[in-house]
Amino acid sequence: MLALFVLIPLFVVLILNLLRFDFIKKIACWFGVVLTLAQIGFALFVPIDLLSSRSGFFAKYFAFNFTMDSLSKLMIVTIGIVVFTAIMIGQFTYSDDTKRFNFLNLILLVLAGMNGIVMVSDIFSLYVFIEIVAVASFVLISTYKDKLALESSFKYIVLSITATVFILLSISIFVLISGSTSFTAIANATKNSPSSSLIVIAVCLFICGAFTKGGLVPFHGWLPDAHSSAPSSISILLSGVVIKVTGIYPLIRIMNITGGGGNPVKNILMFVGALSIVVGALASLGQKDIKRMLAFSSVSQMGYIVLSIGIGTPLGLAAAVFHILNHAIFKSQLFANAAAVEKQTGTRDMDKLGGLASKMPVTGGTSIVAMLSISGIPPLSGFWSKLLIIIALWQSAHYAYAFIAVVASVITLAYFLSFQRRVFFGKLAEGLENVKEAKFGLVLPALILALLTILIGVFFPLVLNKLILPIQSILKL
Amino acid sequence: MSTANVEILKLFIPFVILLLIIGFYYILATRNLVRILLGVEIITKAALLSIIVVGYVTDNMPLAQSLAIIMIIIEVFVIAVAAGIIIQIYKVTGSVDARNIRNLRG
Amino acid sequence: MNLILAMLIILIIAALMVVFSSRLLLAAISLAATSIMLTLLMFKLNSPIAAVFELSICAGLITVIFITTISFVKPVAQEDLIETRNKRIKKYAALPIILIIVGVVISYVIKPLVLALPAIVQEKNVANVLWNLRQVDLLGQAIILLVGVFGIVVLFKEGQKK
């Protein structure tokens, strides 16, 4: 049953391409919307045991070895939310029918690939599905074939393949240690001596690859260019879910399986996390392009997540995963707002914008919600996840890192306030008198996501008990 | 069996690392996008060699061979897409000079 | 053992030829030569099936892809060939020195390495039987095939001129 998460998008792509009617191209995006909503529904409301059952005629012919635990469940919900947003925005921002159809095909394949990443129980299959998502991203970034997008895509290719080579070298060391590539075999082989130098080398190589794919400093060179020059829906996809599923999720899995490799590795994680937080926050202060500022903000938030993973306590891990969900929601919403602004005004340069709050009230309102959430203002969802991270840091006596996290949160508030003031408030810039609110289809995802941010923040105890705390019991760090 | 295989492993490790150094140096030092792609190919070959050697040393050739086959196939698609992007860069900008990419800031 | 050592050294020399060749076509052919040496090494290490894949795909298909790309693309600098050759020698002159130093250092560092290799019961069958255990990877390959096809279509098909 779990394989259906991967197989159904694949079949939908095949069927959509075999039926070559013209009207299929126009309504194709709605297939994607239905699929992602079904994915969110199934993952949230069907218990894991029922999903993992291997009965029926399906299991006789195929023996796909997918497993799901509560971390995978949360990641599938996150993937569903972000891909839903990306498809909705893509429906209304792609001008050309053919381009939109190709976009939908590729994004459904990305959906299949990402579902595969979070459900495999074998380190080599993890690499295979990571490559699927990476290759599709290379193509999706350069859909419009403008100079900036093509060059950013090439930069991303080179860095992504470098990360892949690190991951492959790490896989070969794990095969040397344990003789097989499945998670259970590696866990068995490493539990006797988790700090032996060979395991530490393998884990370090793997996390170097994961840092590059996740956009952490000092391997973040590709991220601002790729996320800002990609089309709007692809920025949502990249910043909202790809850097987390291909970068942070393998990191969590490796740290969980191999016992973390001891304190040196955890210190590296915390240092890189803190460095990313600071560099990302400082770099966002000086940006003029909306999407470039949001991309550097993604670097900063990824730093928070890695810092929290590096603490090593179960609370830190749960806080990190909660922040993954929250960041996916409010970053997708911010990029959706940027897409609406760009479509209506034709520019992304903050110097040329101003006073849009009167013309685009819904976009302005939802971006205020996202800004408060990402800066950690109660009672929105971002506040709870940042609070959990700081509590976890305080509990394990890393006072300096807790201080850095709090200060960076203030800097985050600063640059987002500046973004709000320059784009939405202030006096109306010239040339923008005729700007109206974006079409309903563009605004709807932003509304839904803002509502989700508020709901998760208000109903935090419910979310904590049902989704976050089960993760603590499954994972052992 | 074990010590002979470990000897072979010790023979191969320096060469894998040398291939990696050649590839990375080439990627960092060259100015031409096609040459960067060649450097990428070299480091992928180093990873392939490491998987095969590890499979030989742990006497697990079927696993190592299947891993190597899958790696080769995935590498083909990545290189094909990368070559397509290089050709499009040439069509749009008229040159494959990497200095345009290195200075992509702001 | 000596044969393997000789093949490894020829592998490194072929990789160095990729770096040092001043004409792109020569570099692509040197990459094919590197693939052929890797194939021979893989054959010597008891992996004939993977060696055949490497030979046909890396030394064949990827070389064709590179030569296609090179034929689309003109060289970067149209300056004097001698001058570019001198600049190249200066730029890459450090490489063989680094290689020799690193090679010697590493072979001394790992001499005392003692490794406990796992004693596991595994499939001794041919790689084909292993496909029953790695079906997830086959599914991944099918998906990446589709991604590659769509990718090439997106990259190369011109938009409709309205």
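As written, the chain order gives the labels A, B and C, with residue 1 at the start of each chain.
Here, a contact is a pair of C-beta atoms (placed from the backbone, for glycine too) under 8 Å apart; a residue touches a chain by one contact, two chains touch by 3 or more.
From a predicted model like this one, the values you see are computed outputs, not experimental measurements.
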{"item": "Most distant chain from chain A, judged by the mean position of its C-alpha atoms", "value": "C"}
{"item": "Selected pair, greater C-beta contact count between A-B and B-C", "value": "B-C"}
{"item": "For chain A paired with chain C, centre-to-centre distance based on mean C-alpha positions, whole Å", "value": "32"}
{"item": "Where chain B and chain C are represented by their mean Cα positions, the distance between them in whole Å", "value": "6"}
{"item": "Interchain centroid distance [CA atoms averaged], chain A/chain B, Å", "value": "27"}
{"item": "Chain C: positions in contact with at least two other chains", "value": "115, 117-118, 120, 122, 134, 137, 140-141, 144, 147-148, 151, 155"}
{"item": "Multi-chain contact residues (two or more partners), chain B", "value": "9, 53, 55, 57-58, 60, 63-64, 70, 74, 77, 81, 85-86, 88"}
{"item": "Junction residues of chain A, two or more chains touched", "value": "124, 128, 131, 135, 138-139, 142, 145, 176, 179-180"}
{"item": "Residue numbers on chain C that touch chain A, as the complex places them", "value": "115, 117-118, 120, 122, 132, 134-137, 139-144, 146-148, 150-151, 153-155, 157, 159-160"}
{"item": "Residue ranges of chain B touching chain C (in the complex, touch as defined)", "value": "2, 5-6, 8-15, 17-19, 21-23, 25-26, 29, 31-32, 34-35, 37-38, 41-42, 45, 48-49, 52-53, 55-66, 68-70, 72-77, 79-81, 83-88, 90, 95-97"}
{"item": "For the chain C and chain B complex, residues of the former touching the latter", "value": "1, 4-5, 8, 11-12, 15-16, 18-19, 24, 27-28, 31, 34-35, 38, 41-42, 45-47, 49-50, 53-54, 57-58, 61-62, 65-66, 68-70, 72-76, 91-92, 95, 98-99, 102-103, 106-107, 110-111, 113-115, 117-118, 120, 122-127, 129-131, 134, 137, 140-141, 144-145, 147-148, 151-152, 155-156"}
{"item": "Complex contacts: residues of chain A adjacent to chain B", "value": "124, 128, 131, 134-135, 138-139, 142, 145-148, 150-155, 157-158, 161-162, 164-165, 168-169, 171-173, 175-176, 179-181, 225"}
{"item": "Contacting residues of chain B [partner chain A, same complex]", "value": "9, 20, 24, 27, 33, 36, 40, 43-44, 46-47, 50-51, 53-55, 57-58, 60, 63-64, 67, 70-71, 74, 77-78, 81-82, 85-86, 88-89, 92-93, 100-101, 104"}
